[in-house]
Amino acid sequence: MAGSNPNAKPMNLTLNVWRQANRNAQGKIVEYHVKDISPEMSFLEMLDVLNEDLLHKGDDPVAFDHDCREGICGSCDLFINGRSHGPEKGTTTCQLHMRKFSDGDTITIEPWRANSFPINKDLSVDRSAFDRIIQAGGYVSVNTGGAPDGNEIPIPKDIADRAFEAATCIGCGACVAACKNASAMLFVSAKVSQLALLPQGNVERKTRVENMVAQMDKEGFGACTNIGSCAAECPVGISLENIAILNREFLAAKATSNNLA
Amino acid sequence: MFLDSKAPEGPLAEKWDQHKFSVKLVNPANKRKYDVIVVGTGLAGASAAASLAELGYNVHAFTYHDSPRRAHSIAAQGGINAAKNYQNDGDSVFRLFYDTIKGGDYRAREANVYRLAQVSVQIIDQCVAQGVPFAREYGGLLANRSFGGAQVSRTFYARGQTGQQLLLGAYSALSRQVAYGKVRLHTRSEMLDLVVADGKAAGIVTRNLLTGAIENHAAHAVVLATGGYGNVFYLSTNAKYCNVTAAWRAHKKGAYFANPCFTQIHPTCIPVSGDYQSKLTLMSESLRNDGRVWVPKTKELAERLRKGEIKVKDLKEDDRDYFLERKYPAFGNLVPRDVASRNAKQMCDEGRGVGSTGLAVYLDFADIIQRTGAEAVSQKYGNLFAMYEKITDENPYELPMRIYPAVHYTMGGLWVDYNLQTTIPGLYATGECNFSDHGANRLGASALMQGLADGYFVIPYTIGDYLARTAPKPVDTSHPAFAEADKAVQERTAKLLAIKGNRTPDQFHKALGHIMWEYCGMARTAEGLTHAKAEIQKLKREFWQDLKLAGANEEMNQALEKAGRVADFIELGELMVDDALDRNESCGGHFREEYQTPEGEALRDDENYAYVAAWEYMGDNQPERLNKEELQFENVKLTQRSYK
Amino acid sequence: MSLTGLFLCTFLVVHLVGNLQLFKHDGGAAFNTYSHFMGTNPIIRTIEWGLVLGFGFHIYEALLLTRRNQSARPQKYVVNHAEQNSQWTSRNMGILGSIILIFLIVHLYNFFWHARFGTLDPDINNNDDLYTLVVSSFKQWWYVLLYVAAQVSLGYHLWHGFGSGFQTLGLNHRKYTPLIKGIGYAFAVVVSAAFAAMPLYFYLFTNDKGELTSAVAPLVHSLTLALK
């Protein structure tokens, strides 16, 4: 069915997909062919078609992470034709549509590659390093109950807006995947900035940035060399400005905190 | 069986305070001796896990995702209601309570709903303290908007991503407790059974989704915060992984399932474009504030439009039927979700739908663009228009949007009492997973409120009452009930893999979704439901004879995961049909064509159906037993809704 | 990297300004006076050690960074189109830096070594005649080529490095960052072009003594007048 556009012609595509049985197995690119792909399909729906085919043949379907399919949960994580989330700017894999490709195209699909993101299977990677970084300090230490009235802390609108923009990070890892150094700076900086901008984050400002950066280093991510691929590939447009804020916060904390370690 | 809601006596406004005083407390020194399992890490689960850990309990949090932050709460767009009355426009706890009861078409429990309205104000304070960047006015105070036709502005929001910001707030609180060692996080672990030992919830059995390992976990109490079951329809606005398995397995172990037929169909979703469609995307309800809904006046015009013989612009004003404005002059395009959805379906059933499938109506912004300019419209709806264009490749500034209703939320769920405890002692259900607060229809911006109310402010009190009556002895998995449940899970998994038939889990899921949507969707009839029941039973037999899977249990096997979920959806589907057949009235999201007013509106039967239908599992392929919780309305007067 | 890098930028400015003396048509007198001052002034000699440390740390940090960043992605992508999301120069600072380092070694050996430890003939002011060495060096095509290649590398290196240094130090502001970046790009172009102009000037336009050849003398003369 051609969907809303009666002129949309179905496509035949060649897929080069990374297959790897588990974390320790040797992986390789395997070539597949899919037929009659509607341009109205999302990229993941195209992979659904491939997987249904494989299953019918009794083959193991390609494992990949996905869930909300509306660009917000951050599950999907495909490196498509040499780009995080594929060719379209500001778009997660699930929101990428097949009309961005042409009949006869060959599409190479790989998992995020980074030491800190081990491969679970095929295209699914383990991003728990991100969780551990948040656990190191990506929060305001307030227990439930006892919070003052929400309007007791006025926050200038532009500050609230900037904090919000930083807070929209979906934790997909496209920044790490795109970075030549596999650095997690954009991810870490988004959380540090959000809480550094807001008065609520002020109390733990120094320990937060020190601990989060220490955890980031411990996880084995590369260091930032300000290449800018991360922000260019970020599906929600997290800005490089956040990395500068992180750097500033970190230097200030290191210079003035009472942490002697 | 008589279902005791355990709602406290006394005046409505004092019930919760009195109850908090009357529940037993756990000695602070003993709290660390209790283990609590929380399944699900969305708003309800993450907030509960964090709050319980803060109190000192040892919490085990389970999610099938790779991270707690991926739960589908994250996708909620609109906002969260709270009776703060910051806008000085006459809001109050009682008004929020009243609106919620009325919006739910008088099928919710008064005491629960009032408590929800009460704690709503604390939720906002808590989230602000966590650093949730709510929208602000220029003076620095919190901004509000009116939402879903509410007459007061009580909705707090963070652009179109409120659910994301609230979930990340709860996730940060949870992460903090993980760092303290008070919460142990089990990611990529799917609950496949509940363990009931000596009549009480004693733990769960999970499958590690990376290794296939079946694992047993014991605790003094279990909290299910596993969301709704909208994916029983295959296509819905739910995320792909959303499923009923945890709740359903608990149901089969003795937890009653309440009002399963109460599902909410959201009117403004992007329509289906083909058979391959894997999910539906919601467009915020706010679009109906300025968009006008219409279809071509005649079937012939619609047909020519679908074939591409004429274009939208060829249709003159006289050729267009603004059916909501015509039928409901007072509310027009802003009628409640269920009314808007049903009318869209009716137009398409008449053959007047648009788009290549004929299953869509127009939502047209031409008027507002002409009146205020494209720039002003972009300010208001820019991100939604961009999302629409990304998915459909059509520019809504030039062509009217095509929309169609889609399954969005399930009001039904595990039956819980005032303490959020199910019919199994020690088993609790929070958030969308339970049935408690929305009656037969949920108001916009109330789902986030309920999830967080349950997790932050209700369960921390009520679970203590149960734990205080339980000995603070260490728990383990030595009870034979664990071995039994473990074995059952292993056997079931092996059985799925051994069928080696011809149809994939997705094929069965689509077939089920088709039956449910056709006969148990926006409009239902006794005849259709009876037909559906037979169809589902047939599908269930075919499933267990003709399922096709690949690979083994001992690996990451997404098709196997899916198969288990589909099997449970099929069983739930049958119960939904039973429930819809039992309820010989129309109310909220449940519309039985036999029961409507002469104007075609839902006709409630308060005399015979003002009850919660709580279904009790009686064994495989046995009819379930209906238990009723009669609803008492002491503080509101039951009226027929009218939007004319 | 940022602190040492920006410090080295200040060195480039000083070095460039001094070396502009080469363009003075005085047979190298001013240049030799300048180089004599640089070689003998005790303050300059002290700062020189700072410079050595600056280079040393910059290179040391670069090596550490490269090693760490390479180990952060042990398995490379089969297909990677980084050129679609970032500038070539930002991704190749190591290569650019290495070219500059090779140049630096040659450069130091050829000029600095001779000036400091070698025995150069005295000029008319009895300063060491470094000027003549410069002129004769710049008459060799391979030397000029190395210089120009190194300056192109330096230009690219600075194109990324200048703004990047500010970013790493957290010196970012919505108002000023675009300006800083603009200055960085201009700095990269001007500094590298000016340095590259020196060998090209002597190779193309002068004789063995550094005097303008007759063919271009009127042209250069009128240009100089016009600029004045």
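We call the chains A, B and C, going by the order they appear; numbering starts again at 1 in every chain.
In this text, a contact is a pair of C-beta atoms (placed from the backbone, for glycine too) under 8 Å apart; a residue touches a chain by one contact, two chains touch by 3 or more.
Keep in mind that what you see is a predicted model, and the values were worked out from it rather than measured.
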Farthest chain relative to chain C (centres taken as mean CA coordinates): B
Chain whose Cα centroid lies nearest the overall Cα centroid: A
Averaged-CA centre spacing for the pair chain C and chain A, given as whole angstrom: 40
Mean-CA-position distance for chain C and chain B (Å): 65
Euclidean distance of C-alpha centroids - chain A vs chain B, Å: 26
Parts of chain A lying in touch with chain B, wherever the complex brings them together: 1-6, 21-22, 38, 40-42, 44-45, 48-49, 51-52, 54-56, 58-61, 63, 65-75, 91, 95, 97, 99, 120-121, 124, 126-128, 130-131, 134-136, 138-145, 147-151, 153-157, 160-161, 163-164, 167-168, 170-171, 194-195, 198, 200-201
Residue ranges of chain A in contact with chain C within the complex: 16, 18, 29, 79, 81-84, 87, 108, 110, 113-116, 178, 180-183, 220-229, 232-233, 240-241, 243-252
Chain B to chain A touching residues, read off their complex: 47, 50-51, 54, 65-72, 74-75, 84, 86, 122, 124-142, 158-159, 161, 164-165, 168, 171-173, 175-176, 178-179, 185, 187, 210, 239-241, 271, 273-279, 281-282, 308, 355-357, 387, 390-394, 402, 456-457, 460, 502, 504, 506-507, 548-551, 555-556, 558-559
Chain A contact footprint on chain C (complex, rising order): 1, 65, 68-69, 71-82, 84-87, 90-91, 93, 160, 163-164, 166-172, 174, 177
